[in-house]
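You will see two complexes here that share chain A, one where it goes with chain B and one where it goes with chain C.
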Partner chain A sequence: MTQVLEKIGFHEAGFEALMDSLTQPEWLAEMRRDAWAKFNRLPWPSGRDEEWMRTDIRMFNLDKYALGNGGTEAFPEGTLSEGVELSGRLVTVDSVPRVSELAPEWSKKGVLFGPLSQLVNEYPDVIRPHLMARTYDSGVDRFAALHAAFWSSGSLLYVPRNVVVNQPLHTLLALSDGSADLSHTLVILESGAEATLLAESCSLENSSGGVPGGFHCGGIEMIVGPGAHLRYVNLQDLGHGVWQFGHQKAIVHQDASLQWTVGALGSRLSKVNQHVELAGAGATSQVNGVMFTEGKQHLSYHTLQRHAAPHCRSDFLYKAALQDNSRTVWRGMIKVDPGAQKTDGYQRNDNLLLSETARADSIPGLEIEADDVRCTHGSTSGRVDEELIFYARARGFTRKEAIQMIVTGFFQQVFDRITIESVRDALGLSISRRVREYE
Partner chain B sequence: MIETLEIRDLHVEIEGKPILRGVNLQINRGETHALMGPNGSGKSTLGLVIMGHPNYEVTSGEILLNGENILEMEADERARAGIFYAFQRPIAIPGVKLADFLRHATTNVRNPDRKEGEDLIPMREFRAELKEKMGQLRMDTDFARRYVNDGFSGGEMKRAEILQLAMLQPKFAILDETDSGLDADAVRLASQSIAEIGGERMGLLIITHHDKLLEHNPPQYTHVIVGGRIVETGGPELAAELHTKGYERIRREHPEASEANDKNTEVEPAELAGA
Partner chain C sequence: MGNSCGSYQRNNQRPKRMSEFIFAINEADLADGGKSLVEVEDRLVLIFRIGEQFFCIDDVCTHDGGTLADGNHEGYEVECPRHGARFDIRTGAALCMPAFKPTQVHECQVTEGKVFVKLS
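Up next, the complex of A and B:
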């Protein structure tokens, strides 16, 4: 589906136009129709819903956005892949694939990597059992339904049994000002497979120099088969006028592991649900989050560590630094099913407030139905200590250098967990560039 | 030309309460001065004010570095001008390795005109120098990979301060109870280290309760501060007297300053606890 689409709005006529333009299997068309019906039935989320009471979307107007600019603009290289030997690369601009590469040694081994909307026609047997099955619920809210009805392009990574892809794959999603992107990511690692996927999203620079806006309504599904190991990095650096909504879920099967690193720097408002389900005994997950907000940004992350099987370990650490009038919301839950004995669950959220007007809401939670478990959680929020700043200044640091260093140090604990150097560097640099001077 | 640090009739308040009440002191580069005084006398305040701590308000007086008033300078400008304060209670900076901290600090202090974002001292060059200095101070190089003062013992913190002094090579250094929290051997090592890293090339103001730290850095002058005023100045024999006999004679001879001092200790438990 590389043809250029006419602009398609999010209404009945737009949905029909999209369906006419797509080449897709009938089962998928049926899924979209079903989701579209849900969209029409569901109300917009409101402040009366527990999940949305801290996240105000009354200024969001879906009618302002449409799919398919068919962008031909130049796109940036991306930062996560800097200095990294890649085994594959996928670039989309406004949902139109612009680069799709996979090294032949991996395609020969059966690895699939490219735009999901194309590959779904070529490999329906691989995709159908997983696509929006256990890892995506199109009925959970109106954005999820919209995404399931309208998703386009997107990315697929499929790694067959026991294939170890030892060089990272990279996806770059770019959004032009005012555009919509509803791309869907599906990652399937069969048993014993290994891969590292570096995914980043960004806005193209606005030609008029203004703050790039737009609408990003994404979905991520990851299935980590028995004994498989997935490292997934998701860096969100969208323009500060972009509305972002997303449902992201991974299932980790027996003795498999997932390391999921989130870097959230961009968007005007983000409301993301991140869900890891440990579905087989001995599964482990590590979730790392690095957030930096400024201006009037609002990032809201709702995370769930679901222990559905015994002897699983989940480790979760989110750190956020907030500048100006920005705000973050983290609402985290460790949920342990009745049979999930010997669960080891941990969650922690630390927030560093760089201005008096920034605000971080941190709401950890535990819901435990098994009796032989170890679950711990914690959260901290505080200002930068002036005594630290003075100490550094007494050694010749300017105030700004001192704050940059203290902020970088604050994130070090989570950087130490990130095993990919390019990711640490990209996050570290992006953050220290953003830190301004405060009195 | 002899470089000088001169304090002229310095009056300092914190939250409206007078702490220093007219301090006069001149240190020439190459001299060692001991500053002694009972708890709450204003020793640490003097050090922090020279360094430019923002919480203290200078109500009158001057601090002159080579004749130039530095009171309007921020702490980092003073550091770059060649002033160093070894903290009595060093501050932990979690997540920042001592080596990285020192590389940045050393770069700034050696290139006072460096702009933010300009290159730091080349890593290789810096590491070699750091390693040499740590060897001189008999410090394990692993120490530099630890986070600044984070989880350091009292002794480790003080040694880290001396390492920073060694790297930054200031013109004037105030050592604020760099011996407290150390055992006798450690104090001797610290004293020796300060001499070895070139303390004699600096102008040193050593704040201490004991004479051990002075062993390898014999002061030409000893000043006694009571109630925010230097009430007596003498030679090394004065430090020895105070160490063995305490402040009884001083208190008797300076009743007004002693009274002011007692008022400060009553309302300043933090300094009391730390001193």
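Up next, the complex of A and C:
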């Protein structure tokens, strides 16, 4: 198994040390060198770029972070898998695998699940055609290039043709204070396959009791083959000192479906690009987003629903509640290619501002190049209605209980779309714990 | 190219505290009429010098949440470089649209050639 033994910084010597420490095929080494060259060529994103002008990363300093060595700290069990019978489980700490399990009945059927850095050596024929091919562009910005050069460990889920994995698989990514994690997720469902993957990330507790910090620069690629069905849940609950950057993309082929649920609760600053491409006729996607921010958190999500084929349907709903001085940015785009007729596209973002000083920027967009489509989008932002609080208090609830009920009700629309009970419970509980009382 | 995403004054030593005042910049490093972007306790602030007076505000335009650091300033006013909102550096007050909420102002104190800031 590939392991990073020493802390490795993000500089030339660090890159060479990483390359020396990895066991990998030559084509992958070449891919990393190419990405490292891009990293050295590209500038840092700046506030002059449209995509970054609302997300201030001037205080981010890459030199503060290094790839960790996995340590020996205990790690939590995770919340998404509570009470769920799993078919596989993978735990990484600072990008180093600590647990990797797959029930024998699934491995006998050809399912692959485990650390990507290990499986890429054993199953290059499965992985090479997809890894950072159509679903990851290492040249899009400096973080993408850094990730493509330095990614380590990560996770692979491969489900062969017509295999239906009827119990969820679970990955837990834990980050220790001050460490970096650049894990890469690759999910491949062959035609007719089905699977549910529950992925969560969290920070380990800081021994000094402070806010856990760190750097997470991740990449997610999902390829859903013709007629396949994937449910993917991603719960991000990193420490409030963590800088998170991510490029995530799914390609959904003919008559396939993807249900992608995002829970974004943690990090100091997140800048995530989430992209779903409907590449074959009849493909469908449903994206559900739940965001809750507090303190000085800043979560920035840039989403793209791309209709590249006719008769596809995309349904996107993000809901965010913000308290204290936190901020969210959502820029969403439905892009319909020429020829993608009979497209049915929907996107909506609702924001509930729980404090006077929270701020939500919501920028939906449409770019339509076909002439027989239905595309709708909308966005709302508002404060908690004082009349609702008065109504609840008149019936014996405290102000805090009333606000908690209103927040829960606000998210109910998106919870109702989430078909996995443990995910609904984990998100609901995490949010109600965080809600404070406001005048 | 460095590995830091921003260009601003970084204090190489642990901030020296004077009660709740935190060291921000040396007085000699900021010329009369100048401004400097400084990191104070995980926060980016702008410090202005007018004669012997120092003023400190958040590096935030309350219109769009963007930075004021690249904006022009004259007298006690700084202008947002994007949409032209102006703020009073003494009070943080928004002086014209499109901003209408004040930006946060912080108290400054100069002692022995060092400028200290008390974050609000």
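We take it that the second predicted complex is superposed on the first by the 435 of 439 C-alpha atoms of A that agree within 3 Å, B and C clash if a C-alpha of one lies under 4 Å from a C-alpha of the other, contacts with A are read in each partner's own complex, and residues count from 1 in each chain.
By definition in this document, a residue touches a chain if its C-beta (ideal position, glycine included) is under 8 Å from a C-beta of that chain, and two chains touch if they have at least 3 such contacts.
Keep in mind the model is a prediction, meaning the values are calculated, not measured.
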Have a look at chain B and chain C on chain A after the superposition and call it: clash or fit.
fit
Specify the angle subtended at the CA centre of chain A by the CA centres of chain B and chain C, expressed in degrees to the nearest 10.
80
Kindly classify A:396 by the partners it touches after superposition: chain B alone (first), chain C alone (second), both, or neither?
first
Should A:43 be classified as contacting the first partner (chain B), the second (chain C), both, or neither?
second
Look at A:409 in the shared chain and tell me whether it touches chain B only, chain C only, both, or neither; answer first, second, both or neither.
first
So, A:53: does it touch chain B (first), chain C (second), both, or neither?
second
In the superposed arrangement, which partner chain does A:388 touch: chain B (first), chain C (second), both, or neither?
first
First (chain B), second (chain C), both or neither: which does A:62 touch?
second
Thinking of the overlay built on chain A, is A:11 touched by chain B (first), by chain C (second), by both, or by neither?
second
Does the superposition put A:359 against chain B (first), chain C (second), both, or neither?
second
In the superposed model, how near does chain B get to chain C, counting Cα atoms only, in Å?
25
Touching residues of chain B toward chain A in the complex: what are they?
51-54, 74-76, 78-80, 84-85, 87, 90-91, 93-96, 101-102, 104-105, 108-109, 116, 147, 164, 168
Sites on chain C touched by chain A in the complex:
1, 3-8, 39, 42, 44, 64-67, 82
Listed in rising order, the residues of chain A that touch chain B in the complex are 385-388, 390-402, 405-406, 408-413
Please name which positions on chain A make contact with chain C in the complex.
10-11, 40, 43-47, 53-54, 56-63, 327, 359, 361
